[in-house]
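Worksheet: the structure to be examined is printed underneath.
For reference, chains read A, B and C in written order, and residue numbers begin at 1 within each chain.
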């Protein structure tokens, strides 16, 4: 059953040079209990996509299209109704837990806040629930840590606290925006394991946003690769990584140094850099950096075309891939 | 026998934190606890480890941006800890640094020409091999930027280009050693590859030796010949990259490999290590890794393992390696 | 540790430089401040070559006249033209403010930069001395100086200058320490640069905005303090016109001719307001984060 359906989501942001599209016609579905990864480099629109689901866009931004959560269009909701959706139905965790936690309040109090707000729990009931949550996210010694301030915890522990807060109202979807980017590798593994475990146990859906192909590949069943505000390739994780189709996905994959690779082999690079939003090519946003680009790429926005079962890409040239 | 470019001996750095109570002295942070390293000319060393392992402290000590608590740093056979301030300033032409943050490491108010030329200013005229302008133009050309970029300000460049400027600044005195502290971790993947390729090219064309500090095994593997793995201020394993990737000996190295996200590996459980990285304010009587080690024995808590030779050119500090 | 850089502060800084004039023109309170301060400076400069009447000539027959066509602001108890006195008084205020702020800035900035570069005991000594200095109010210093050398405007300037040393030293030290922690300073050290040349090449240029903002605000405080000192009789001496002394002289007439106290009061309020608005405006305009949002 489809829980979240995003259709033709376009977000325009105010820049110093007028309005520019940061997200261009993005469509995806998330099944109940499904996991979706959005991967891309900075400025590809992955975080803006996430923020628009929660109505948390910066001032002056304009979102069009449809974001249906169980039949309700989130884009049409007013602030009060959105508040109910945030935390309750969709919970979000961020890259840097230190800035998302209030430094002057004990963590117990911060986790109890949504419990009071959305579930009407108070006093001993709230404390008990907080302890249960902290135990659930694997924070060692919860009874003592409940009185700790955020700065007294390590980065990994703070991210666990953030996850506990996200879980507090049993959301339908967990939206994780680069949740492990600020963490060390061994701690990153622990946090990703925890997130996966929680998704399996509670049956909530997961949207994981990351720049790291490895993290995405190990954590979710479906992947969308974004570039220049558009999804350029999407599919099931297995099929997509087995056979990358879009020149950008291929380039991204080839650019990652892998230990144990043949000595002397050079890393493939993608020419140039990500242009500013206002300078993105009008049709295919990757046209100016793509080795295969031809005039049609500058004229027409490529449609998302199925390439195989559970695998689609938006490229004018992908069907001719065999000839090259 | 090749020249030794960098040698450290028993390098340690302890910081005393400001006291929090009037009646207790401030805690001591044991950032680096006796590191012996050796880099031969043309063989680059990668230093890998997680936060708190002392890798950035090591980089700063090797650059003499900080004074060691104990031990010595030798660059091309010259003990840097014994030099006067003036001698050190002149010696700096031979070892240069590239920093992590391409946005913070360039003065926003200086033009590229001045930024790249800065390292030349400290040299006396006799030490300069070519004229200032020529040296700057060569360096900027070597990193793949154009001469007319010299009259721009840093904010006119992207992150990857800025890191190229930072590399040009390090390269301009033709140093024997470049210490690079996480040079690509702030960059996007596609740009990261460009900078790594550039570093490889420069190594080939100019014969520079790198000490590359990184948390990313893939990055270290790509640029370096030897790898040192650090944990809590100590080198726990030191060997050639080929050996390290084929036969990691120390349980911590093995855990690092396990934890590394892999593309196309499918869903899997990653974490083999539980708990957090140990405290830097504690001195360990046994192995510093003992409290997280999956293979820990009672001996590990009692007895500190030495960094010993376990194979030809392969050192590890584990009782059971 | 991998961190994706989401905001690019230097880039924003560059954008701030490009659109500075444009943004300044749209910053309403900054423009009001500019007009007020501009008027004050214009009047002061004009008074050097022309005033409607003499600012010092006493014409008893004309005393305490209400505003008229020949005396726009009226006359005071000695028959002097108030508008001319206000114009000449602006001169005094500007001279005192300028010299006091320059003196304080020159010494204070040097000490602040030195403290930031050296840290350790150098910093402790400088900062404790500055604490000590701050513990003495300006008025007390001025009175002490007056006790030693007799009253005069020079003492007021020196007292204000000494006070400003601490103000600038603190500001510059704070901003300087933050600068010294930036990576480009580390890079300059790695390049073999000494503390002095790093301070001159990197630290000072990057904290200029902080200094400019502080200078406008100190200027406003100096005008206010000069008025207070002159009011107390330890500042500028007669017949030299001064807003503060105009206030004190009008005191005896405050109940039956309040208007003669209003003019110098208004002059002080407007010029201080103008400088403060400029200071606040500059703070907004040089802040790259605010620049982006606008």
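Convention: a contact is a pair of C-beta atoms (placed from the backbone, for glycine too) under 8 Å apart; a residue touches a chain by one contact, two chains touch by 3 or more.
Just so it is clear, the model here is predicted, and its values are computed rather than measured.
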Check: Two chains share more C-beta contact pairs than any other pair here; which two are they?
Finding: A-B
Check: Which one of the chains is farthest from subunit B, going by Cα centres?
Finding: C
Next item on the list: Could you give the separation in Å between the centres of subunit A and subunit B, each centre being the mean of its C-alpha atoms?
Entry: 32
Check: When the C-alpha atoms of subunit A and subunit C are each averaged to a single point, how far apart are the two points in Å?
Finding: 51
Notebook entry, point to check: Any idea how many Å lie between the Cα centroids of subunit B and subunit C?
Noted result: 48
Note to self: Two or more other chains touching the same residue: where does that happen in subunit A?
What the structure shows: 42, 184, 211
Next item on the list: Quick one: which residues in subunit C touch 2 or more of the other chains?
Entry: 1-5, 15
Next item on the list: Find every residue in subunit B that makes contact with two or more other chains and list them.
Entry: 51, 159, 188, 215-216
Margin query: Going by the contact rule set out above, which residues of subunit B touch subunit A in the complex?
Written below: 50-51, 158-161, 188-194, 196-197, 200, 215-222, 242, 245-246, 255-277
Checklist line | Sites on subunit A touched by subunit B in the complex | finding: 41-42, 140, 154-157, 184-190, 192-193, 196, 211-215, 217-219, 221, 237-238, 241-242, 251-261, 263, 266-270, 273-274
Notebook entry, point to check: Which subunit C residues qualify as touching subunit B in the complex?
Noted result: 1-5, 8-11, 13-15, 182-184, 186-194, 197, 201-202, 205-206
Checklist line | subunit B - residues contacting subunit C, complex | finding: 51, 63, 65, 85, 88-90, 92-93, 96-97, 99-101, 103-110, 118-119, 121-123, 153-156, 159, 166, 169, 182, 185-186, 188, 215-216
